[in-house]
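To keep things simple, chains are lettered A, B, C and D as they appear, and every chain counts its residues starting from 1.
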Amino acid sequence: MIALLLRDLKLALRAGGGFGLGLAFFLIVTVLVPFSVGPQSSLLSTIAPGILWLGALLACLLSLDRLLALDWEDGSLDLLATAPLPLESVVTIKALAHWLTTGLPLVLAAPFLGVLLNLPVPGFSWLVISLLIGTPAMSVIGTFGAALTVGLKRGGLLLSLLVLPLYVPTLIFGAEVARRGAMGMETQTPLLMLAGITAATIALLPFASAAVLRINLR
Amino acid sequence: MSIAAKANALWEYANPRKFLATSERVMPFFWITSIACIVVGLIWGFFFTPDDYKQGSTVKIIYLHVPAALMAINCWLMMLATSLVWLVRRHHVSALAARAAAPIGIVMTLIALATGAIWGQPMWGTWWAWDPRLTSFLILFLFYLGYVALWEAIEDPDTAADLTSVLCLVGSVFALLSRYAVNFWNQGLHQGASVMRAAAVTGADTEEKVSNIYFYPLLLCMIGFVLLFIALVLYRTGTEIRARRIKALLARERVNG
Amino acid sequence: MTLTVTDLAITRGGIPVLEGLSFTLPAGKALILRGPNGIGKTTLLRTLAGLQPPLQGRIEGAEDQIAYASHSDGLKPTLTVVENLNFWASVFGTQGIQPALDAFALNDLADRHAGNLSAGQKRRLGLARMLVTGRPIWMLDEPTVSLDQNAVKMFADAVRTHLGQGGSALIATHIDLGLDGEVLDVGPNKAKPKPIDDFDGGFL
Amino acid sequence: MIPDLGKYADTVMWSYVVSIALLVALIVFSVMRGRKVRAEMEKVEQRMTRNG
């Protein structure tokens, strides 16, 4: 299992591995927002939590179609499916690798981009906390979407369409935590919901992903 | 007949030929009664019910909005049930029925959204408000789109049936979750919407004065929509079965060269 | 470790392709699969490897015993030869990739990135991957494609060594490898179509 | 004939027009595709019975 994780990390970090793609996209979105809505800092600080969450979500979405497709094309998945490792672990590791290479960098970059958008001071910690809790769910849900569309030639668009509604609850609660945190309001309820969604998806969704992958490998 | 025997008899309809024969026999009944119910219900509602004291004549929209919204949800529930039957018992008719139902669900959701938006224009002063109920239907619409797109994208019919069934299961959980999330995110702002909900759920007198005058034509329309849905599903499932058979025959022809 | 297949029927894309297939593959033997293109050799190998369920019939002695190599090699171009092999060795819980490097003369290429190898070298690496799985039954799908004569000999030797150590191999190939074992022609097992009046049969 | 719908006449009429149009379109498309598929199946079946 560790071997698979290390290999995926190594692959992501080497040339052409796609590491930094999501990060670059996140940066582009946040930098462009003030140009499109205007430079008033009061407006920017109101929408900052939402924009940062949306940017992180889209950056995550962008990197999903590479998650399983490369292993599918070169036959690695065939061999992994016959290996002693259960497919449930394989998809969990894949999601973890995706989070480490995409989600975690986004979490770390978010406070710096928050400065650009005049995020109110109390919002920084809540932004990082909400993203830290929310991004793993996005990776796990994304893995499910990637497993559904892995055999398709032009699965990218379909993948986005399938994952989009699945991301809604995470986005709502995650952005709500960041928004309320920035405004100095109570954040407990959405934070609990967000954590609940993440825990439940991590616990249950890998079974669905593995089942779907098995069907696709037939 | 014992319950087990009855259950077995029900599974008989999972046989495509038997399904086609039976559905052919009962379909005229559903077509005729459904269209009769809808026509009578709509005429009754449109011409012979008074305007609401608060909403004026827009109350007449509920005869379309409520049944469509009802069927948009029921259609997904039916797809969930048939998907489960396919995953557990592997009856092809069941999977094809789910496929046949999805576009009906899309149209029902569209009607609910369109009438909601048109109704919202004078009531809320805007075509679209992120009202929890409208938003939930928008999300449901996205689920339907994804489901249909997945069916269309996969070539192997059994693989497509399997994958869409799993998507339907997972999607149902997330749809419920979204419903809750959306309610939390925007606690119902619009009194007007609750008139429609009250009419849909209880159909009885409520504080908002959805009285029996509106209820009977509405009930007729709801029955009509349910029957129309059944007729459409039966018809479209027949089409899907034939399309599947064409595919199988052509594949057979290729194999035997 | 004997692989026994009894009255197996398999499908591809929902259409039956082969039926009534029975054979045994005892330890130390090879079985060469023959048959025209498109008859379902790949499907058979995938079914035996457990990647897809059979339509009917029994497969015994296959569970966790099979190393399956498809047309593609499962190699990562940005990893070196050694990294690629080490990865598969640890996934399958085996140690020591040295025998595999030796068997396919990959020692000189050990630190090259897999993406920089020639087609034949890649193929050799892909086959070396079979060796590091430590699984007794090899299932190889057209393993000699893009190998030169020398590499084919190398491959045949590796399979022979594997057989000598009590392993077995099921190989779909069109060339003669000179291995100890039988040839299985699946041509006669082509599935007979159901009569089209049988609506439900024709439906499947 | 048409009842007085007051100031909301447009709203109500458009709702009915859009909804009924969507319903009719759904039915028409279903039936059209159904007919096409049925005819095609018969064609293919006949061809296959002829060729054995």
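Throughout what follows, contacts are C-beta pairs under 8 Å (C-beta built on N, C-alpha and C of every residue); 3 or more make two chains touch, one makes a residue touch a chain.
A quick note: this is a predicted structure, and the numbers were derived from the prediction, not measured.
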Chain located farthest away, centre of chain B as origin (C-alpha): C
B-C or A-C - the one linked by more C-beta pairs in contact: A-C
Between chain A and chain C, centroid-to-centroid distance (C-alpha), Å: 37
Chain B and chain C: spacing of chain centres that average the CA atoms, whole Å: 48
Intercentroid distance (Cα basis), chain D paired with chain B, Å: 16
Distance from chain B to chain A - Cα centre to Cα centre, in angstrom: 32
Numbers and ranges of chain C residues touching at least 2 other chains: 196
Touching two or more other chains - residues of chain D: 45, 48
Of all residues in chain B, the ones touching two or more other chains: 245, 249, 252
For the chain D and chain B complex, residues of the former touching the latter: 3, 5-9, 11-12, 14-16, 18-20, 22-23, 25-27, 30-31, 33-34, 37-38, 40-41, 44-45, 48
Chain C-touching residues of chain B, taken from the complex the two chains share: 15-17, 92, 155-158, 241, 244-245, 248-249, 251-252, 255-256
Chain B - residues contacting chain D, complex: 42, 46-47, 51, 55-58, 60-61, 64-65, 68, 103-104, 107, 110-111, 114-115, 118-119, 121-122, 228, 232, 235-236, 238-239, 242-243, 245-246, 249-250, 252-253
Chain B contact footprint on chain A (complex, rising order): 144, 148-149, 151-152, 155, 158, 161-162, 164-166, 168-169, 172-173, 176, 189-190, 193, 197, 205, 208, 211-212, 215-216, 218
Residues of chain C defined as touching chain B within the complex: 13-15, 17, 191, 193, 196, 199-200, 202-204
